[in-house]
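Structures incoming, each one as structure tokens.
In what comes next, chain A is part of two complexes: it sits with chain B in the first one and with chain C in the second one.
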Partner chain A sequence: MSFRGEARLWIAQRASAAVLALCVSVHLVTIVYAVRSGLSAAEILERTRGSAAWFGFYSLFVLAVTVHAPIGLRSVLGEWAGWRGRSRDFALLLFAALLAWLGMRAVLGVFA
Partner chain B sequence: MATTLKVSLKVSVWRGGKDGAFQVFEVPREASQTILDVVTHIQRALDPTLAYRFACRVGMCGSCAMMVNGVPRWTCRTHVDKVVAGDALEIGPLRNLPVIRDLVTDMREFFDKWARAKGEFRGGATREDDFARVRPDSPPRVQADAGIECIGCGVCYAACDVVTWNPDYLGPAALNRAWTLINDVRGKENLERLRAVAGDAGCHACHSHVSCTERCPKHLSPTAAIAGLKREVAKAVLHGDL
Partner chain C sequence: MRQHPSYWAFIVHRVSGVALAAFLPLHFWALGNALQLEDFLRWTQQPLVKLSEWLIVVALAAHLGGGLRVLALEFLPWRDWQKSLAAAAAAFALAVGLAFALAL
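Right after this comes the complex of A and B.
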């Protein structure tokens, strides 16, 4: 990959990390709140379904993960497994697609 | 003080090339003894075939760096008291560099990377131009000052895990050098320099482990320099200059 591409990946990872810092904090607080008040799964779904705001928030969360995780894994594969070049980037694109699919499947299940 | 010292040190010293082994020597313990004193004693009194490098003995030349008990250090300014484990010392050639023999490494790749990072100054002025006036408190000068005292000892390079994992990585010293030049307002070719230091072999490979900064005997922060390079590359890419 060109130095320009590498630099763009770096910017994307930093930007997605900033989004994740916010998303993970909100996510954890939400979990603690939901668990502490003893809500059942049905009661949680009753509150979450149809909420456009939460749907948007968790979609952004999934997008940030989809961008962030493969870029980090790219370095791990290069440095620890010696896997570089186009095949690595292609495999990571598939991994990103998998993350997006799994993530959005969950978001649609809870918030749609 | 001298009465509390152990009488001798058990010093394991790397002998041979890549496939060599440690050889144990017994070295008399002295007050205010440095690691370089220990190595010199072995070479002068016990085994004259021991190969090692040194020159200034006062922390200026950067030639005597070695691994001491697993940590890269400048040996002329490292006192035995500070690093000895009981009475044992293990002294080896710098990590991440090919071993020539005993404690001597091949530094070519280390310095070739300085050249690859465009580590040479290229001024834009001619002899007809007036002297450049650079205020000592101007931000670029302050940034350059922070990294300019590098003595090229290779300690940061030996301390860096990314160099181990990615042998093309330019390393902390070369990138620190590039950062001081980017902040030299008299210089030119900064976009070419940013191109040279960007990417998987350059500043973007750094994970900010901070080992270089932790071990630098001159207390420089190559980590901060590399972070500066990442910022400048990002700005240049976003502005479409690169």
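Right after this comes the complex of A and C.
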């Protein structure tokens, strides 16, 4: 990949990290709050069903993680597994598509 | 190099990131089947699943702490504070782990 391409990935990784810092903080507080009296599907769905705020929050969360995780794995695969080049980027593009699809399926699953 | 706290902060950040990337598709898949969520949550009551849940929540907290450390190192002029940042990231992960364990 060109230097410019690498620089764009670096910026995308930091920008998504900044968004995720906020999303993960909210998520951790929600997790600890939600498991206090035992986790139940009814309680989760009561919170999320029809809530535009949670829908927006989780959609942003999924988008940020779809950008962040494949770029992070790209460095790990290159440095620890010696996998570089187009095949690696293509595989990570597929992984990003999988995260976006499953992620939005989950968001819609608990919203609708 | 392996004696330095920054090396271990790097390893924890990386390993927790890989664990989270592997966990996410499963997490999304389970949530996407919202109608069967109650059955799935019953399945998660097993001790080994509980332990894995705890590990992944700690990994999430550790990755957040480690990520904030990286952002601070890259964007703020505080390089002398590296060890303190690594310690703060570790303390944060531990605190979230304890809070989660107590709430379980």
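Just so we're on the same page, the second predicted complex is superposed on the first by the 109 of 112 C-alpha atoms of A that agree within 3 Å, B and C clash if a C-alpha of one lies under 4 Å from a C-alpha of the other, contacts with A are read in each partner's own complex, and residues count from 1 in each chain.
Basically, contacts are C-beta pairs under 8 Å (C-beta built on N, C-alpha and C of every residue); 3 or more make two chains touch, one makes a residue touch a chain.
Everything quoted here is computed from the prediction, not taken from an experiment.
Student: Taking chain A as the common reference for superposition, should the pair chain B and chain C be classed as clashing or as fitting?
Tutor: Here chain B and chain C can both sit on chain A without a clash.
Student: Per the contact definition in the header, classify A:L73: touching chain B only (first), chain C only (second), both, or neither.
Tutor: Touch status of A:L73: second partner only.
Student: Examine A:A91 and indicate which partner it touches, taking first as chain B and second as chain C; both and neither are also allowed.
Tutor: In the superposition, A:A91 touches no partner, neither chain B nor chain C.
Student: So in the superposed three-chain picture, is A:V19 touching just chain B, just chain C, both, or none of them (first/second/both/neither)?
Tutor: Neither: A:V19 stays clear of chain B and chain C.
Student: Using the touch definition from the top, say if A:L63 reaches chain B (first), chain C (second), both or neither.
Tutor: A:L63 sits against neither chain B nor chain C.
Student: Using the superposed model, measure off the angle between the directions from the CA centre of chain A to chain B and to chain C, in steps of 10°.
Tutor: If I round to tens, I get 60 degrees.
Student: More chain A residues touched by chain B or by chain C?
Tutor: C
Student: Which holds for A:R105: it touches chain B only (first), chain C only (second), both, or neither?
Tutor: Touch status of A:R105: second partner only.
Student: Quick check for you: in the superposed arrangement, does A:I11 touch first (chain B), second (chain C), both or neither?
Tutor: first
Student: Regarding the shared-chain residue A:F3, is it in contact with chain B (first), chain C (second), both, or neither?
Tutor: Once the two structures are laid over each other on A, A:F3 reaches chain B alone.
Student: Quick check for you: in the superposed arrangement, does A:L45 touch first (chain B), second (chain C), both or neither?
Tutor: second
Student: Between chain B and chain C, what is the shortest CA distance in the superposition, whole Å?
Tutor: 5
Student: Do chain B and chain C land on any of the same chain A residues, and which?
Tutor: 14
Student: Using the touch rule from the top, collect the residues of chain A that touch chain B in their complex.
Tutor: For chain A paired with chain B, touching residues are 1-4, 6-11, 14, 75, 78-80, 84.
Student: What does chain C use to touch chain A in their complex?
Tutor: 14, 17-18, 20-21, 24-25, 27-34, 37-38, 40-41, 44, 57, 60-61, 63-64, 67-68, 70-71, 74, 96, 99-100, 103-104
Student: Please give the residue numbers of chain A that touch chain C in the complex, ascending.
Tutor: Per the touch definition, chain A meets chain C at residues 14, 17-18, 20-21, 24-25, 27-28, 31-33, 35-36, 39-42, 44-45, 65, 69, 72-73, 76, 95, 98-99, 102-103, 105-106, 108-110.
Student: Using the touch definition from the top, list the residues of chain B that touch chain A in their complex.
Tutor: So the residues of chain B in touch with chain A come to 162, 165-166, 195, 198-200, 202, 204-205, 207, 230, 233-234, 237-238, 242.
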